[in-house]
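Presented sequentially are two complexes of chain A, the first with chain B as partner and the second with chain C.
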Partner chain A sequence: MLQAILVSGVAMGAIFALIGVTYNVMFAASRVMSFTAGQLGMLGGVLGSLFILRVGVPVLPGMLLALGGCALIGLATEIIAVRPVLKALDQHLYVLSTLAFALMLRQFTAIEWSTEPQPFPTLIGLGGGFIDEKFWLPVAACAVTIIGLEFLYRRTLVGRAFVAISEDNFAARALGLPERNLRMLSFALAGAIGGLAGFAGGELMLAFFENGSVLNFYGFVPVALGGLGSNRGAIIGGLLLGVFQQAANFLVGGLFVSVATFVVFILFLLLRPQGLFGTGTARRV
Partner chain B sequence: MLGYGALLAAAVLLPFVADNYWSSIATRAAVYWVLVSGLNLIVGFAGQLAIGYVSILTVGAYAFCILPAKLNADVPLAVLGSILFGAVSGVIVGLPALRLRTFYFAMATLGFATIVTQVALAWTDVTGGGIGLPAPELPWPFDTSLGFYVLCMAVAAFCTWMTANLGSSRFGRAMVAIRDAEVAAEAMGVDKKRLFISIFIFAGALAGLSGALFSSLQSYITPDAFTFDLSLLFFIGVLIGGRGSIMGPLLGTIILTVLPEIAAPLVAWSTFLYAVLLLAIVLLLPGGIAALLDRTNRKALTSGRSITPDLSRLSALLAGAGNAADIRLSGVRLSFGGVHAIDGLDLLIQRGEVHGLIGPNGSGKTTTLNAICGFGHPQEGSVTMGGAPLVMGKTTLRARAGIARTFQTPRIVGEATVLANVMLGGDVSGRATFVEAALNLGRNRADERRLRARAEEALTAVGLGGLGDVRADRLQHSELRFLEIARALMLSPSFLLVDEPAAGLSPEEIHRLGALISAIARAGVGVLLVEHHADLIFDICQRVTVLNLGRELAAGTPADIRAHQGVISAYLGG
Partner chain C sequence: MRLNRREFVVAAGAAIAAGSGAGSADADNSPILIGQIPALTGSSSDPGIGFDRGVQFATTEINDAGGVNGRKVEIITRDTQGDPSKAVNAVQELINRQKVHAIWGPANSGESLAVTPIMAKAKMPNLHPCVIDALIDPVKYPNAYRVATANVQWDGAAVRYVTEVLKLKSVAIVADTTGYGTTAAAASEASFKNVGIDVVHKALIDSAQPDITADMLRIKSSGAQVLVLWSVSTGLMSRIINGRGELNWDVPIAGHPSLGSGQIAALLKKPEYWEKVYQVSFKNACYDASGKLPARSQAFLDKISGKIRLDDTNFWWVAAGYDAVHLIADAVRSTGSTDSDKIIGYLNSVAHYPGIYGTYHFSATEHNGFPNDEVVMSKANSFRNGTFALAPGYT
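After this line comes the complex of A and B, so read on.
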């Protein structure tokens, strides 16, 4: 049983962690927490199922199409819901605009796709039992994403520009960095990462419109646990959350899981609002 | 007023002119409004993004159905139970708002909403699970659709009245201040924790009551009835209506309830429409419906206004000040990490004097001010007032002690009127409790009368008389500086700390400001003036302290300072 808990917990945790990374990548580029993060995960699954099962595209091009679609949605998030409110003095506005956009995505999917979970294709057909691909694919996706991001941020010029923008927006602009283009690029990247989470987790979560709300919350928990902007925190938080959830699921049953997750989450936030790896608050006056 | 009258008349006439279908939709809108009216205080006034409020509707509705079924409670007791459970859940949902910011809080309320539905679904013994529960029959005359309609309308009208009372009371002003200028609200002595708990109890109670009405309306409840879409209707109704308004959200709720009914094909798309509306409001019309209704603030203000303080009013305004003789800082040391912002500072502010605090940028002037106000926490040294130590870190206690302040960048509530901004300064002198304010009882009316009269006096004193009804964000920058002083005067302060009040003022305005500050000191207030305009400092200060790198570089009379060689080379130049 322990093996079952660990395997499914780590798999779910990897999906949550990837959504957490999606939040972080958007946040780093714009200081905006976007409600679309979870919806991007949902769309990764839905688009994957759409392209591969309904349209009949082979797996690899289907994946590229799904991720590309999610990248476009990420880009749209930036253009529609983030850029117009960045200049506003009132910081609350982005919560509302991204919420509105996320709801539009969710509702559109519910009506045009289905309100029932739809099957997701078997991608490779490798492994079975505890080493079934549905368990290790999310973990592999998570590892690839992290390695890719580390490479991007540390080794490439564009990546360094991302870091510069997130550390000091004004200074980066003063240096002549094209802040707007980098932000759009970041949101497209975040879209692809969110899409990858849903695509790699498709066999586990299926292509279901409500996954968006679920991932939105469970993807945010690792961000809150690990500290805003910390990808390392998001991975650790995500894996912990996944294992905790599966353990509770096996031991005490479905209802208690979400109640326990929620209570632990709230208590943790109240005791340590900046998260495990976050930094303290800024001066107020 | 006219708008409320028209809506009331429409509510009275509706059963006579429309069929049952429309009456039932109106009943539904009224039930929703009972909840939204309370939520409006949280979202629209206090600015807390509580999205998942359907959770409290659910709790209220289930309490109303479970109490009679399981505990044989009669209907009035069940209603009371709904209100009580609603109030308790209101606090549970709301408390994280005291620690968590915007997105985090929004997420917490969403999480709570998910949980409540899951519990309703899984706790089959009590809630009936997916099969649900019947609502108890209401007693005559409310068991007919007309009787229920009248009941819901009456409750809705009562809630409108209560929240309108609260919105225009000092509690409403304090909520809006926490939303838009939290630091200023703290400095004026607004106790956020207490205030928020009151609102959360109140809004939760209304949501619970709304839940009881909702289950009567449905006559049978299942977890499916409490969809997330309902939460959105409530939340978006407030935002479409406009923040800080009662009428706007009321209309917003009616519109969102009626919208899907007008065109049947829209029903499936209703949530999508709500979302589009929300996006449109946020991007195009942040003021919401309320901004469309507000005609008074579209008239142009007279240009070329001048600020002419009326100093004769000061002595009456400052009559109630306390009797502490001085504020004394000794050996205060405050660092941020490795930076010593103030490094062993002694300072004495005496009543009746203007004490100037000057120095280069980063020399610790504002930090000194913050240490006195409780915003900073010195690692060493003491700050005493009249010999008694001031508790560090307790910002809200300063107003009660008689210490008022202004800010380097004016912190005002742009969306509130000038008068309301000034009245905020008198918050700590309010006597009425939250309940008295909701019911507009005698003490609340007396508070309002007194604060209004005083605020008008304070505005005349600083030279902004006649601008009381204008929205504060329409004033010029210089006028905001004087507005902050008027707000500070509301406290009858013993000490007034002003942070760079002359920044951005014209020479003529600086001159008037100097005269105003001198007169305030002559009326017995101890003034600490942080400033860069050396002329102003030397004109009106009795004593001056010069800071450099967190230490006192020189102290003495203006004449001493002007001649001090160290000051000339470090700061004044010459």
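After this line comes the complex of A and C, so read on.
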């Protein structure tokens, strides 16, 4: 049973971690916590099922189409819900605008797709039991994403420009970096990462419109646990959350799992408000 | 011409008499207004759509035959979308503005909990198909009648099947963490314990939990001989059926009527995993081993053939909606009145009413109309035209 808890916990943790990274990538480019992150995960599963099972596209092109669709939604998030409120960041208007856009995505999916969970295709057909692909695909997707992001941020010019605008927006603009285009690109990238979370986890979570709310909620926890803006923290926080959640499911039952998870989460934040890898900011007084 | 005072009084009296006479003639021809409050859109709309098909068919049938004592039946539908607050608004409007004579619905228990007291206060005759036991109470709600089974009857059918047909001694009860799931699991546990069955495990699982392998291992290790499942979440139900199959655990699953939903079929990893899954069903909506429905059901099926789709709904939903309209129409036909007291009085006297869905029996002290012996178990994987095959052990 311990093996079952660990295997499914790590798999779910990897999905939560990827949603946490989605939050971080959007935040780095705009200083906005976009609550569409979980819906992008949901859409990864729904679009994957749509293209592969309903339309009949092969798996690889189906995946590219699903991730492309999510990247477009990420882009739309920036244009519709983020850009208009950037001038009033201190008023936290983005909470309303991104949440409203997330609700629109959820309702549209419920109406046009289904309100019942729909099947998600078997992607490769490798493994069985505890090494079934439904468990290791999210972990593999998480690893590929982290390696890809590290490469992007450290080895490419565009990646360094992302880092520049996330560290000092004004200085980056003064140097002539196209801040708006980079922000749009960042949101498209975040959309694809969120979509990958839902696509790789589709065999576990199915193609279900309610997954968006669950991922929004539990995907935010790794961000807070790991420290805002820290992808390394989001990965570790996500994996810890996944294993803890599955263990709590088993030990205290589904009725109390959310309570147990959030009691531990709140206690952790009381002890370390900046998260695992976040740094406390000094404030002039 | 000038009228003196006496002539004026006589003329005015005649005019009032003539006017009231004309009024009463209009009332006799006025339509019988039946309010209907199903969820026709939204996540819990499947039953409402099925009920509505039966309601519309019965109405057309009655009106084509000349109506009830010369009065047409008119259905006023309000889509509640499964939202209790919308159901409350709909009921208020139907009672106060539309002045309906009876109401059919709502189609789910959460909404019914919200609107039943409102209809009771207005003495509005109300027929509904909702399962929560507390919704029927002839003292608190003398106007409310259940044209379907109560939750306790579902429990009874599962208990009878496990003990009398399968002859098993230990059960594991699994439900989701919703209000319905927790209530149903507690009631089911009590029902099994009452007949001396060992409840070796009870699990409440969040329907959003993506992997239930650990839970299934724990349930299997409890030594249960049968898994009793109460949930409306097709995702959770399919995970449990898949989990049983992947563990090569050969125990039967029995429980909620949704176990036969087509949505579950789409989520199963192998079709054979759906074997030995039995759901609560109803005798008139089940065919026997030779493929035959009860005569009354077959006659209805022939009548609606080509007029109502049954490939995407349940026979019993259509039949219950059909029966509800006929019960109200028969009340008006029998009493010659649409008065609330008269309709309620008629319903209290209904005995062995041969509906399509069931044989109903109401009295002043019993408003649960569906008989226990017509609640049976059926094979979940045997859907055919809205009906299911009786589970092994029934004749």
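Keep in mind that, in the parts below, the second predicted complex is superposed on the first by the 277 of 285 C-alpha atoms of A that agree within 3 Å, B and C clash if a C-alpha of one lies under 4 Å from a C-alpha of the other, contacts with A are read in each partner's own complex, and residues count from 1 in each chain.
The rule is short, and it goes like this: a contact is a pair of C-beta atoms (placed from the backbone, for glycine too) under 8 Å apart; a residue touches a chain by one contact, two chains touch by 3 or more.
Everything quoted here is computed from the prediction, not taken from an experiment.
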item: A:255 touches, of chain B and chain C: first, second, both or neither?; value: both
item: Which of chain B and chain C A:119 touches, first, second, both or neither; value: second
item: Chain A residues touched by each partner, larger count belonging to chain B or chain C; value: B
item: First, second, both or neither for A:208, with chain B first and chain C second; value: second
item: Set intersection of chain A contacts, chain C complex versus chain B complex; value: 254-255
item: Residue ranges of chain B in contact with chain A within the complex; value: 47, 49, 51, 96, 99-104, 106-108, 110-112, 114-115, 118-119, 121-123, 183, 228, 232, 239, 268-269, 271-272, 274-276, 278-279, 282-283, 286, 336, 366, 370, 373, 375, 407-408
item: Touching residues on chain A, where the partner in the complex is chain B; value: 33, 80-81, 84-85, 88, 90-93, 95-97, 99-101, 103-104, 107-108, 111, 213, 216-217, 220, 224, 254-255, 258-259, 262, 265-266, 269-270, 273, 283-285
item: Residues on chain A engaged by chain C in the complex (per definition of touch); value: 1, 4-5, 7-8, 11-12, 110, 115-119, 129, 134-135, 201, 204-206, 208, 210-211, 214, 246, 249-250, 253-255, 257
item: Contacting residues of chain C [partner chain A, same complex]; value: 42-43, 176-177, 182, 203-206, 208-211, 213-215, 217-218, 234-235, 238, 246, 263, 266-267
